[in-house]
Amino acid sequence: MEIQEFKNVVKNYDVVFFDAYGVLKNSSGMIPHIEKTFEYLINNNIEFYILTNDASRGPKSLAKSYIDAGLTMINEDKIISSGMLAREYLKTKVADGKVAYLGTKQSAHYLEETGLKALSIADLDLNNIADVNALVFLDDEGFDWHTDLNKLVNLLRLRNIPVIVANTDRSYPISDRMVAIAVGSIADMIEKITGRKFIKFGKPDSSMFIFAYQHTIKAQEVGKEKILMVGDTLITDIIGGNKFGIDTALVLTGNTLPEHYMDRIKALGIIPDHVCHSAVVY
Amino acid sequence: MEIQEFKNVVKNYDVVFFDAYGVLKNSSGMIPHIEKTFEYLINNNIEFYILTNDASRGPKSLAKSYIDAGLTMINEDKIISSGMLAREYLKTKVADGKVAYLGTKQSAHYLEETGLKALSIADLDLNNIADVNALVFLDDEGFDWHTDLNKLVNLLRLRNIPVIVANTDRSYPISDRMVAIAVGSIADMIEKITGRKFIKFGKPDSSMFIFAYQHTIKAQEVGKEKILMVGDTLITDIIGGNKFGIDTALVLTGNTLPEHYMDRIKALGIIPDHVCHSAVVY
Amino acid sequence: MEIQEFKNVVKNYDVVFFDAYGVLKNSSGMIPHIEKTFEYLINNNIEFYILTNDASRGPKSLAKSYIDAGLTMINEDKIISSGMLAREYLKTKVADGKVAYLGTKQSAHYLEETGLKALSIADLDLNNIADVNALVFLDDEGFDWHTDLNKLVNLLRLRNIPVIVANTDRSYPISDRMVAIAVGSIADMIEKITGRKFIKFGKPDSSMFIFAYQHTIKAQEVGKEKILMVGDTLITDIIGGNKFGIDTALVLTGNTLPEHYMDRIKALGIIPDHVCHSAVVY
Amino acid sequence: MEIQEFKNVVKNYDVVFFDAYGVLKNSSGMIPHIEKTFEYLINNNIEFYILTNDASRGPKSLAKSYIDAGLTMINEDKIISSGMLAREYLKTKVADGKVAYLGTKQSAHYLEETGLKALSIADLDLNNIADVNALVFLDDEGFDWHTDLNKLVNLLRLRNIPVIVANTDRSYPISDRMVAIAVGSIADMIEKITGRKFIKFGKPDSSMFIFAYQHTIKAQEVGKEKILMVGDTLITDIIGGNKFGIDTALVLTGNTLPEHYMDRIKALGIIPDHVCHSAVVY
């Protein structure tokens, strides 16, 4: 597959969904010149959204990092996170009581509008769980892993409640050499120990793309063939976009390296419609 | 969880999605008196659809078994099968060329409207594959397993093409004592051997529910809270419906036995909103 | 399968391997009257060993709990733990340098005799890892889960070293209602995140049984047909014993409950040669 | 890791275990000049065995291909196959009745000496299974995949018997471009469908190495540090040898290519003691 200029790709679409990490930013900050991409999109009346498997903070807080970097066009309305899908689930399917959560107080933002009482796993008392009606994995911080993960396993033995995973990623980069364990890996471990089936939200799952699609009036007007998903990861962004029926562009500024992209595409059999060096429009 | 009368459950909804096997019929034929359910739904202006992981035949052919059994209200417009999602994928994402498929000529019905040329794996010649642009798993019959599954593994080594699985079930009943290996199991085996990632359609995946939802004008008018999914299997029908945000009713006429249903619900942590002996309205 | 008296079973063997937890003891302490079993074995010249997937303490320390409970015949020579296999691996395959370990100082006992320098993951500095030549999972305590598991993932990204898992259990009981996450679950999570293949010791793996067999002169004299494995867990003790070619007895004082044992045997297809209520000889 | 001359490696050992395919032969026949290796071993009094996950034919038949190619020193006594472990299992653990098997009549060789009656799955009648006391996966040929794999699933639903898998490989090469599905993949598919736990023999499982070790008087005299495992596959030959505590040499004439070996070693974290271009002694 030949590498194309991003501009020559993106100009043919009316709506663009971007992955965040590895596409717009990396461990050093924003990808240099990425602001030009958004200027181009706005000038050409191409709508855009950021689809992220990040449930550690609400859309407002997620948008702040872009605004602080000068990308003022990326406000909270442009952010679609897997945490929003967890919130929708709770609003629709859990009538009352408390929701226990793994994560920081900041991540509990997603639970506020549900009408349910949020209870950090750190504050949960196993002798007082009669009204705990759901459990949500939001973030890998904000609790003591040893104490609270063991508490959580026993909560699930004592209460038969739905468990929602709002981020299915395994790890995430924290510098150019180092990664951190993501809450998706922790959720997988607990699922195996308890034998339960958890409800998981996040790319590549279709529900993320549908949520974005239904969120976007223009997307529904133009139809799937005029939407482009831009991502750096074949097994989340690209396969998810392909399955949803929209076009996909792989960029080489994150997980998939320029020297390996063809090998990875062949090994996995996940084929993007386009490959670009980066999402920058020059 | 207490067992409720199905009538007392279903009367509160405006749209009902039914699983087929284990809910409406079983290896002996239609569930006795199930016609009363559909009479009740029609009389009370409750819309209904059948959601099935069956890609072996087209909707018309799937509907015929109901019509032949006197359920004339179940015509092809009422059938939503995972084969239809595979068809949508091919229409949107594969531009031209041939689609190789596993299945009977009858299952190839799903490929007709795509504009692509359908080619049974049985007829495929490995020396002539330059224009084979996709592979679809439709049914477990219509080919020689030994010859053609080996052929298929080598096709995937030689051509880097998307692979679509239109039925993710592992097995299906063929009598009250016997089961058959479903094409979903075969696809899993090939996926492991080749190391590729296949695109899979069928409950519990959200795309099946979204397709049904978007298919139903009334569903979109009434909203998710007025839709009920009725199924006999926790790990497909019930978890899928729950995740999509609609209410779910487990019936005990199929995979989940009356003597085991509470144990299964507890072991898996998949909790239906309702449990009923059957989907029959008396 | 009929339930037999343990005495009528054990009298036909010359060597007996016992699982510890769920067979000899449980969360309340020793199984009542289990001392009679050992008196019977000694009086009848039947040799015995305890095979345990416990690498949290050395054999001496593991034996102490039995001796403290009055079972003075169970000294350290009678204990065969998966930690001993990890120690053998390190002695044979790692020539020099440091071994990083997860576990308490007590668990590091297994590393003492290897000639290698033991280094707790809690004390490891990622800037000073050039001489770290192996990593061993021993116990779920003795380190900070958040800090040190993240450190460990990055250690494996920076150093290509063998990783040994000395306990493959997923969880273990800490009271009659509560369980704790075992180090085997943590190892599985890290293995998935890093994509590496770890070397794992513990039942049901054959190497545990071979080690016990080679440890026992009498076992080699009498041959496999005169050895009995006694356990409470089908997927570790019983399948492991069966595969090694020795007879197996399932007891119903631990993981497998009297009301479920036949269902479990049928569901898993793991068939013990004998089933007994307990390992007590009356 | 530096690439060494095989001669300089092998001269330091007293016993050598060779993998067959990818080390001694490939799809074109014997590796050129491999006879020199065996001449060197014999002249230097180094004992050797071939460890193969091939249960399709007995040792005599497996040896014939070497003898026919002029390697007359490789007679049946030099062959240790995973089929031999299945045979040992049946001899020790299955007292009487019939053993159903998947494979050719040739593969049934392994069942002859067990005293049990071998019954090809092709000849099995599901109405007459009362005396079928075990099932063995030996080879991917000799039966009709569609009819007989379905028959086999139902046999396991009707009879609770041990299932033995005598070859755990996923696929095997049949030419320089083509592979075939191995019986190990079929067994994995059936295991998933039935939910049963099968008993599996073959590298990397320790029981294969132990069987070879116990088979070799010299191996026991010299101890593990004087034994070398030579293989082309990291996830079977090398990790298996490492875990068993013997030294390992990776050769680059089969599954692991010269241009990828360091990437593969790093990605999997499976570290051979030596790497050689081939197993040929010049």
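All chains are identified by letter, namely A, B, C and D, in their written order; residue positions are counted from 1 within each chain.
Following the convention adopted for this analysis, contacts are C-beta pairs under 8 Å (C-beta built on N, C-alpha and C of every residue); 3 or more make two chains touch, one makes a residue touch a chain.
Here the structure is a predicted model, which is why all the values come from computation and not from measurement.
Distance from chain D peaks, on a Cα-centroid basis, for A. We define each chain's centre as the mean of its Cα atoms; on that basis chain A and chain C are separated by 40 Å. As a whole-number value, the distance joining the C-alpha centres of chain B and chain C reads 44 Å.
One finds 28 Å separating the Cα centroids of chain C and chain D. Contact with two or more other chains is made by no residue of chain B. Taken chain by chain, the contacts form a single closed ring in which each chain touches exactly two others.
Contacting chain pairs in the structure are A-B, A-C, B-D, C-D.
Those residues of chain D that touch chain B in the shared complex are 140-141, 144-146, 149-150, 153-154, 157-158, 170-171, 177-181, 185-186, 188-189, 192-193. For chain C in complex with chain D, the touching residues are 88-89, 92-93, 156, 160-163, 194-199, 205-207, 210, 224-225, 234-235, 239, 242-246, 265-271.
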